[in-house]
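For reference, chains read A, B, C and D in written order, and residue numbers begin at 1 within each chain.
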Amino acid sequence: MKIHESDARAIFTRFGLPVPPSRLVADPRAAEAAAEELGCPVVVKAQVLVGGRGKAGGVKLASSPREAGEKAGTILGMEIKGLAVEKVLVARAVDIVKEFYAAMVFDRVTRRPMMMVSPSGGVDIEEVARTAPERILKLPLNPEGGLMPFQTRRLTSFLTGDRAVAKQIGAVLQALYDAFMGVDASLAEINPLVLSQDGTVWAIDAKINIDDNGLFRHPEIEALRDTADEDPGETAAREAGLSFVKLDGSIGCVVNGAGLAMATMDMIKHYGAEPANFLDIGGSSSPDKVLAAMRIILRDPSVKAILINIFGGITRCDDVAMGLIEAKKRLGLDVPLVVRLTGTNAREAGELLAGTDLIGAETMDEAVKGAIAAARG
Amino acid sequence: MKIHESDARAIFTRFGLPVPPSRLVADPRAAEAAAEELGCPVVVKAQVLVGGRGKAGGVKLASSPREAGEKAGTILGMEIKGLAVEKVLVARAVDIVKEFYAAMVFDRVTRRPMMMVSPSGGVDIEEVARTAPERILKLPLNPEGGLMPFQTRRLTSFLTGDRAVAKQIGAVLQALYDAFMGVDASLAEINPLVLSQDGTVWAIDAKINIDDNGLFRHPEIEALRDTADEDPGETAAREAGLSFVKLDGSIGCVVNGAGLAMATMDMIKHYGAEPANFLDIGGSSSPDKVLAAMRIILRDPSVKAILINIFGGITRCDDVAMGLIEAKKRLGLDVPLVVRLTGTNAREAGELLAGTDLIGAETMDEAVKGAIAAARG
Amino acid sequence: MSILVGKETRLVVQGITGRDGGFHARQMIAYGTKVVAGVTPGKGGAKTEDGVPVFDSVADAVAATGADTSVIYVPASFAADAVCEAADAGIGLVVCISEGIPVRDMVRALPFLRERGTRLIGPNSPGVISPGLAKVGIMPGEIHRQGRVGVISRSGTLTYEIVHHLSQSGFGQSTCIGIGGDPIVGTNLLDAMSLFAADEGTDAVVLIGEIGGNDEELAARMIRDGYPKRVAAFIAGRTAPPGKRMGHAGAIIAGGAGTAEGKIAAFKEVGVEVADTPAQIVDIVRRVTG
Amino acid sequence: MSILVGKETRLVVQGITGRDGGFHARQMIAYGTKVVAGVTPGKGGAKTEDGVPVFDSVADAVAATGADTSVIYVPASFAADAVCEAADAGIGLVVCISEGIPVRDMVRALPFLRERGTRLIGPNSPGVISPGLAKVGIMPGEIHRQGRVGVISRSGTLTYEIVHHLSQSGFGQSTCIGIGGDPIVGTNLLDAMSLFAADEGTDAVVLIGEIGGNDEELAARMIRDGYPKRVAAFIAGRTAPPGKRMGHAGAIIAGGAGTAEGKIAAFKEVGVEVADTPAQIVDIVRRVTG
């Protein structure tokens, strides 16, 4: 789950990271008042859950409260990558001498938490990784206890030769580690971490993604979820415990298992059509989940046919069949439904579906081709 | 370092252990007032740094404030194993249904923190270990992160079949682990941990020993040190960075290294005399340490001869020789001094000592025999 | 021949009294797996309908039954603890079916397992099956067939799909390993490939990959440096949009890395054929083993 | 023959610019040990008077010099970190001379070392010497003599005393290991015995124990179960009173356990002679190797 910069700043502050004071506001007048209160210059920053804000003109410096109000007015009217800017952050500006990069992730190869730092901060880190990989130090860490002093020395000496600055950065990195582990993040990033004219170090940006699987431990973070930029179907799917991604095609898919769901989408494309979505009803299924899945897919008017592709393992085909029968009864299905159920309890499912008008298919190829044909009418 | 029960209770409380409220008092009137404030019945407990208080009559129950004052008066007059009782703890009494034992130590064999629990609490645990070892569960733990849920289940189910009680004990054990690791303890013990009539669990006693090497991290605990029951020589030695234990014999020993110091004592005994002390000047020596060592040994009027046994490694014999010369100069030595210096810089030491009236010896055997002869005059 | 599980496997089922654990314990028994014990804290002393004794802890189960392998069907928030409990009790192979485990929990559990020399398959794995010998997991047993093709997959049902095609075309499997769809797993693609490399009963290995991470790229490098078995591959997620998590926590294209195109290209570069559809895997296996 | 250290040892000295580190680096070089690098954070780029290059980190030292063994002379509060740094840099054998390290720090460092396959000697160890080949520690080199007796000790200077007697009587040493006087050490008495068990250059092993813990009792059990070398023993602390820490953090008689009497009895029960004085060790070694 992505959270807004303003929320990430609050988490950073809670874990002791040096974050300049700021206010989150929704209109120019409030921005002006915030700038007055914080003292100028300030930075006015669009709060949207996509990258590339700066390039899109969503981040502006203001040297007076009045200017802050004006800049906020401009930014609040913008759309960035299709998302309307509804709030801006007004933050006290820092007189930047040097910009660093620091982030925490989990590394798939070493299977450890990993810290990444670079003396080339303030720019797109993926660009640095491509053009000057030697400017990034990646250090796998222990999952308990945090940074050891020798690791801190290695990281900070990669960033600076100044001992006083290194000491401040060392404390920042430990706090970043603590914040990352403390909120079950999958990413915690400071870009840039800056050295100011007066020799102090500040995290002037904050980005945190949360591991969805860890959210149950952090209800206060779950409450920060912003569904404004999410497809309503995705919101509904999440609430029903389904995994759903909206796409642009015409074949709705209900599949069990993420790999099979992707392979189903790929095969639709392979046979010349486009999938309308990715939808995984997950492992341990229930009829209710199938009903919810059908309801979500039917919201999309561009869906011309629905393909059910189930290979039963922990999912039982009879559960799915019952869900489909329920969906037919309750949702008044008016698009053709092509059903392929095989694996655990497939025989029982076949018995349940016998006598319905659902289009049956034996294999995945047959089902996909059948759904494409049905969609074309 | 041993700390008083009252201080251990404060640490336990800080880490969230359920410790009944108590007051530390030094006179019967204050004990009466404390009992009044806490509510009776209360327990009045002698605060001395030795075990076996209970058997010695140093722990008494009082059902009224007046009785608490009387009992405090009795206990404050006592001597337990040679130590005068100067303070008593007045603690609210708990109506005990069942007594458990729980402790944390470091296990030398597995080299891990280890938790020990027993359903036979309230008695001498070494007695339980001898007579019914199956009544003690010892569980080595991870040095990071504390108890895992499966470990907590194993420990609590060893103690009780009651789920509600097990849940409370589980929380106590985690807090005990946190306290043990948090203060660099070498022992943290609750004996007994009790279940009260109303179904709640209480740590009604608290014992913590601190790892001397970890004290630098805990100045607030170092400040709790009670030197009242310590030999003044031991206090002085500790302050001088020496390791010293007072014994009852007549041969004072100054040795480098704990093993050699013990072997020197053993050899004095082997040749028919008794050592007056264990004294290890440690590794990286300095003349000052030798001077301090001589000063401490000379405090003891029963010392009839002093034996210096140094095998130089990281300790340099010339440092020791300089210290001895300084000691002769400043302390006006009137007991015979037998000196054996060998190893690192022994030649330089020999040159420094040439011409003094110190009795030289080549081997340890020779030095020990020489010191015994000198002591006998 | 097979790896990881076989006739000698003595299995303990953690979470045996739950809905999924109970159902699949029965399925595994029906397949012929030696299910010697179940564990559910607080239910020790009971027996399942199939007569499997239930214990309060894995340690108790191991002591009483000599179990050497564990399969885990407990809720996500308890699963990492269950894995550690199994390792601590001396279990050598733990297969974790549970999905939705926080990455932090898994990353903390792994050093605990490494120290004890325990191998973990999963989490979020369909399990491991050596057809005809033992099934440890949730895959439908009847689609498998004993043979000499090893299968490694990050997915569950997609594996069934592909295995189904293999079996129907006469290509039996030595062992099929579902390594799990999470970003951090106990046994990754390379680890599993190393296991098959040493297995005399395996002629060819089918790799079923998907978007996310760079395991497939590293696998291609391993093949380039000399891998002793023939390989066929399938990669799911060609149509997946970047930045969206495709069900599996590990299946996400981030920062331009982890795309299906990149993985397919990496395999092709080292001479590994990549199937366009699950059914095509059969043709590739036929060619490489022919 | 020798174990742990020898002619091929490439040593890095952590804390080489300190008083003790500097003094003993010179002594080790004089003995013939290949001291290839020193480490002191913030002093990288310098050279010692003996021409040893100083690095900011062990990783830098290993990269530049191929060091494979480290000896640590840093203050107690930094020592556990220094040990971990060495292990993380790929050093296989770390000898920690520093004393006064909190037990908690050591206990936390050990899993980190185990994971990396690094062996630790110490802390609070005088070091390891293979006479005539390499000296890694603080023991006076000149009292040693090359030969076929292995020495394992929880003490420092007491070892010198005993080694001195051995050398003077013609009994040279294969390797002498000071395992350290702390309650928790990286390589304990049993571990060190196992190392000598496999060494063809060692005929007999001298165990120098002391009060505290039950390592000696476990060693006696190991001997009873069949130990391939002859053993002679000495136990310090017969006159030590219970409940008092005798210098070493590990040397304390607590709750009636860890007494010299108990350890001596355990050895005698399995036929191991225990010397009454350090000098007597020579007679025992003469008898067991005779």
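Just so it is clear, contacts are C-beta pairs under 8 Å (C-beta built on N, C-alpha and C of every residue); 3 or more make two chains touch, one makes a residue touch a chain.
Because the structure is a prediction, the values reported are computed rather than measured.
In the assembly without subunit B, touching between the remaining chains still links all of them into one piece.
Per-chain Cα centroids separate subunit A from subunit C by 27 Å. The mean-CA centres of subunit C and subunit D are about 45 angstrom from one another, to the nearest whole unit.
Subunit A and subunit B have centres, each the mean of its CA atoms, that are 55 Å apart.
Shared contact sites, meaning residues of subunit B that touch two or more other chains, fall at 142, 144-145.
Residue positions 108, 111 of subunit D are each in touch with at least two other chains. Viewed as a network of touching protein chains, the structure reduces to a complete graph with every chain in contact with every other.
Residues 142, 144-145 of subunit A are the ones touching subunit B in the complex. Residue ranges on subunit A touching subunit C, taken from their complex, read 106, 108-109, 111-113, 126, 142-144, 181, 184, 186, 211-214, 216-217, 243, 245, 247, 255-263, 265-270, 275, 278, 280, 282-284, 310-315, 342-344, 363-365. Here subunit C touches subunit D in the complex through residues 111, 114-115, going by the rule given at the top. Contacts from subunit B toward subunit C in the complex involve residues 142, 145, 148-151, 153-154, 157, 163.
On the subunit C side of its complex with subunit B, the touching residues are 41-42, 56-59, 78, 81-82, 84-85, 88, 108, 112.
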